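Below you'll find the structure, written out as structure tokens, and then a few comments.
When the chains are written out, they are named A, B, C and D in that same order, and each has its own residue count from 1.
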Amino acid sequence: MNFTSDNITGASEKVLAAIIASNRGKATPYGKDEATLRAHAALDAFFGRKVTAFLLTTGTAANALACAAICPPWGTLLTHQESHVMEDECGAPEFFMAGAKITGLPGIGGKISPHTLRAYLEGDAQGANRPPVRGLSLSNGTEFGQVYTPGEVADLCALAHAHGVKVHMDGARFSNALVSLGCSPAALTWQAGVDVLSLGGTKNGCLMAEAVIFFDDALAQDFIFRRKRGGQTLSKARLIGAQFEAFLDQDHWRDLASHANAMAKRLADGLTSIPGLRLGWPCVMNEVFLILPAEGIDKLRAHGALFYEWSGHSLAPDHALQPGEAIIRLVTSFETRAEEVEALLTAARGMNAR
Amino acid sequence: MNFTSDNITGASEKVLAAIIASNRGKATPYGKDEATLRAHAALDAFFGRKVTAFLLTTGTAANALACAAICPPWGTLLTHQESHVMEDECGAPEFFMAGAKITGLPGIGGKISPHTLRAYLEGDAQGANRPPVRGLSLSNGTEFGQVYTPGEVADLCALAHAHGVKVHMDGARFSNALVSLGCSPAALTWQAGVDVLSLGGTKNGCLMAEAVIFFDDALAQDFIFRRKRGGQTLSKARLIGAQFEAFLDQDHWRDLASHANAMAKRLADGLTSIPGLRLGWPCVMNEVFLILPAEGIDKLRAHGALFYEWSGHSLAPDHALQPGEAIIRLVTSFETRAEEVEALLTAARGMNAR
Amino acid sequence: MNFTSDNITGASEKVLAAIIASNRGKATPYGKDEATLRAHAALDAFFGRKVTAFLLTTGTAANALACAAICPPWGTLLTHQESHVMEDECGAPEFFMAGAKITGLPGIGGKISPHTLRAYLEGDAQGANRPPVRGLSLSNGTEFGQVYTPGEVADLCALAHAHGVKVHMDGARFSNALVSLGCSPAALTWQAGVDVLSLGGTKNGCLMAEAVIFFDDALAQDFIFRRKRGGQTLSKARLIGAQFEAFLDQDHWRDLASHANAMAKRLADGLTSIPGLRLGWPCVMNEVFLILPAEGIDKLRAHGALFYEWSGHSLAPDHALQPGEAIIRLVTSFETRAEEVEALLTAARGMNAR
Amino acid sequence: MNFTSDNITGASEKVLAAIIASNRGKATPYGKDEATLRAHAALDAFFGRKVTAFLLTTGTAANALACAAICPPWGTLLTHQESHVMEDECGAPEFFMAGAKITGLPGIGGKISPHTLRAYLEGDAQGANRPPVRGLSLSNGTEFGQVYTPGEVADLCALAHAHGVKVHMDGARFSNALVSLGCSPAALTWQAGVDVLSLGGTKNGCLMAEAVIFFDDALAQDFIFRRKRGGQTLSKARLIGAQFEAFLDQDHWRDLASHANAMAKRLADGLTSIPGLRLGWPCVMNEVFLILPAEGIDKLRAHGALFYEWSGHSLAPDHALQPGEAIIRLVTSFETRAEEVEALLTAARGMNAR
């Protein structure tokens, strides 16, 4: 019953097979190999247009390099105050942006509202005392399992662009968001105005496969140097190319994410049927945020359940934690089995019994 | 006949099998998995002492992060003027060192002599006009296929330490150097005074496996944050852990490097037996630097040989290129077959025939 | 009636005379001149002990370089969420700290409470996902005209040090704080545990004179290189040295700050005697934060008063702005004349009259 | 007899008077004051066109910020291997360029020849292994007292621009170069293709007055933020504005530089008339580079002469130092008196007598 994260699995069988297959023979290094070239073609097909893509090794590097491409060292990057970029990358965005300022905005469920964004942009200081806002980074899905719809993304992008601000989307769980929304990759990104996307494969069936996707070619200018200088240019690049090729082939990503999302739904449905338990935010992807009596945490762990406690700062006011309550995160993956879900539900029912 | 580099192969069968085996089941992310823990134990055994090791994804990142650990942003790092750190990492060392200055020293075959180092250190400017020398980075083997002996390393380290300068060794081809010297990893590193090593697995049978090895624990302080902030902390860290485990198991690295070195030796012997051809530097590892009539380059390529032209700046004065001569690099790997070597020799003899 | 800031004046007559006097003759550059050496001696006397001081040109540079000396690039610096370091230096602290993260804490009147600091430090994330807290920057006086007492500083420093966190004090208005508290420079800094101070002369009678004062010599290590590399080492350093010498001579700083503080007190007393007006925070230094009906702003300006509107975020809950209210900042200086104060009071009374 | 540098003087009387005059009364801070506005107008007149100018405090900061405006963090800046940017700024250019690589080119007398520049640019590596060349920094006059003519500057700029490389001129001794060449500021900068100039006032009669002058407005974009973030935006900016105003008024700069150059000429003529002495490079500005028997150094110092030994690396081959020879730098300034020159000449004759 390990629900700590979707990064505790290996690769899917199909992705692993691709790694094995690509291992044979000589290949041109640094991304000129056949597997990588095919991955690039598959990315074009995935987005329904030609994109400028750079494959690399970690989501942290993808986000940090992508943010650096939209925000200069003397600029400000806006993001949710509890986003991965803000809280979980040990300052990598500040490092790759060479010291740009990151300012966090509030918002329920990790989502920034147009109202909040507009208020900030319109109130942004004149003069040279503050680094001008140049970038906006949105997580889709968010760190609280929520999704921005294409329409919501479009509203935020329009607002940003009107103020000379470029938009990055952190898509560490982009597959899960797509499955949740049932929309196309195009609709959720470039058609809505997104300038650059961190596309994550690692959390959804790859071993290590991340990409920075530019929809605005001017921003991709010089990125080849930025990637190399960032220590992210693999010599044996086929390792990532092969994974992306398999991940995108015949919508493999969708099968994987659909399973993960379905398992989370099953878990959420089961948990909310137990008296005294409720969700912090709706379960729409592969994460369940359960609000429970604080003493339940140890009880669940005593039953062998693994998970993290989570922050309740971005709960809606009418969902705020009450005294004695805590919130935990339960993440499902392409590998989560129904029995694991049932085992957790059984543990939760037992916990409640006491 | 692809002799361009030792990064054109996939992983060895044993390393690939380890990746496959490690893929099964759940594992704690970020380096707390079983494969990575075993790799750390294997590294301790390899070096004959407890070391503080950090696994990561590229040699560029390993070098850049290691240099940053020994040289502050306001310091100077000395290295050979044609080292990988100086010439081939697109400014990654400057980036990770947050703008430290890198100063190149001359030396035959990519090796810095104690005389050159002493002269520089003793003449180093007083006052605050120049960033003080704090780090020295040595490649072993060098970018010109040469090796520093344990004694040579010890002399340079003693000199450096006497001036408050820490020493980094770029070991992208550390296995090949060890095989060439027939010495132990300990003898070539910490016993000689090296403070931190970039240990490369990728060029010698891994797909992507690099490590920063600290022999001075004080320097490792905070490196966990530096690595994460550098975008080099894999969530599914078993991918690298498994490779290093297999790479070190039963001296697999030695078998691989021995083969590569032997193939280079065979190639060098064959080439130097052809009238009109000579070597730029002795062949002691897995690289052959051939000096040939410039027109031979096209002829070899016409026979299907792939390789790079190389710099002759660090040739010994009495080996300098003569008018009409060029120098090329031929690299062998664990996968190089004797037939490929013979094919190149045949092409070279044919070239000469004209 | 210009109350916009204390940086709109020139130098005091005494400071200007010192600049003139020091201009004569040849002087060793880069801080080895006589005037600078005397300034260093005067700083030792000022603090009642030997200090390691570095003179430089702007408060922004002083703060940014001082913060960089206590917080590494991969660390977190805590400061008030509306401090100068956080809001008004265009990212200079992030730049000089090479991308360290700055996290803002809340607090009434720009002051961080021990309770808030303790809660943050004790809740600070484990693992490598967040840059560890290494520095704390306190403004004394604050951006809202408040002062930390020596006891308050000592409590915060003790808390910080217990967590391995070094403490910086932004003393852009250090003179005004000292006069307000009636304590010694020693009591407010090193005796209370402060590790490094930005000592400002510019706002209190100098033309351009700032210093970074180290009370912990280990932190000053290499600062000579940091300052030069930061473009802050004047060749004709006597320009700053002479100012500091005059500024400190016979407590000239105290005379200047006492006048400024007294003028603010007179202004505050007058304003609060007018019905409908109140202060946002107590007037204890040389700044008055006036809460007034929003329409009063234009009326005051129509009478020729110059000032800035200010943020009310750090008002105490029971002092919060009511609908229709606004808050303005009025700053006095060593040059403010009683007639200016009276003119403003007259305007304010007229404003109120409608 | 202090010939160590031209930074050992105070301000000229006229410049000092301007500082005094500007000190009176209130002034808008951060460069919106009257003196600064007049200085900007004077700079336009000086260059014979509208320029975008930023006043700041040190030549190091001017150079570093200017270089950062033409070369991105992932680029290479070319400069002479012994330029001030390369050797004497403690890594400030690397810092402000956020880790860009600086590569030094050789050249006699500190001058880069078109041949050398072309060879480097045309041989510049393809691929992403090296940071692409984006900037060229020329010192005029050089660190060896030489000047580029307008025609030479134009040739280098044309070559640079043809390769997408922007050009910076370090004009720490720009006045002296102008006087030497007898040309206009326009002819030596924008008319020859220079994109950005560091204009120095400090070495030629100011106390502290430096400016970054953009001739390509696109490069000035965001420089207001860069300067502030670099800690270079003075609150009481009139201090620099007043100096530049006086410096440019009625060609005061020319009078000052003409005197300095004339004193150097007198010194050079006298020295070269002494048997056994010769110049390293022609004396065309305010510096004399004297080649003398090494034992002469102590003798001159025994007579009270102050100066620095200098590097002979960029001597022309046929001027190379012979065994037993040394080279010293003698700098004159606007304040150098004929008696000082004569005293040195007397000392030199006496030295020779022995």
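Simple rule for what comes next: a contact is a pair of C-beta atoms (placed from the backbone, for glycine too) under 8 Å apart; a residue touches a chain by one contact, two chains touch by 3 or more.
Remember, it's a predicted structure, so these values are computed and weren't measured experimentally.
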item: Comparison of B-D and C-D (more C-beta pairs in contact); value: C-D
item: Chain pair among B-C, A-C or C-D whose interface repeats that of A-B, sharing over half of the contact pairs by residue number; value: C-D
item: Approximate Å spacing (C-alpha centroids) for the pair chain A, chain D; value: 51
item: Rounded Å distance, chain C centre to chain D centre (Cα mean); value: 36
item: Length of the line joining the C-alpha centres of chain B and chain D, rounded to whole Å; value: 41
item: Junction residues of chain D - those touching two or more other chains; value: 73-74, 89-91, 95, 98-99, 128-129, 131, 225, 228-229, 233
item: Of chain D, residues touching chain B in the complex; value: 73-74, 76, 87-91, 94-95, 97-102, 128-131
item: For the chain B and chain C complex, residues of the former touching the latter; value: 30, 72-75, 98-99, 127-129, 131-132, 222, 224-229, 233
item: Residues of chain A that touch chain B when the two form their complex; value: 2, 5, 7-11, 16, 19-20, 22-29, 56-62, 64-65, 89-92, 95-96, 202-203, 207-208, 225, 228-236, 238-239, 335
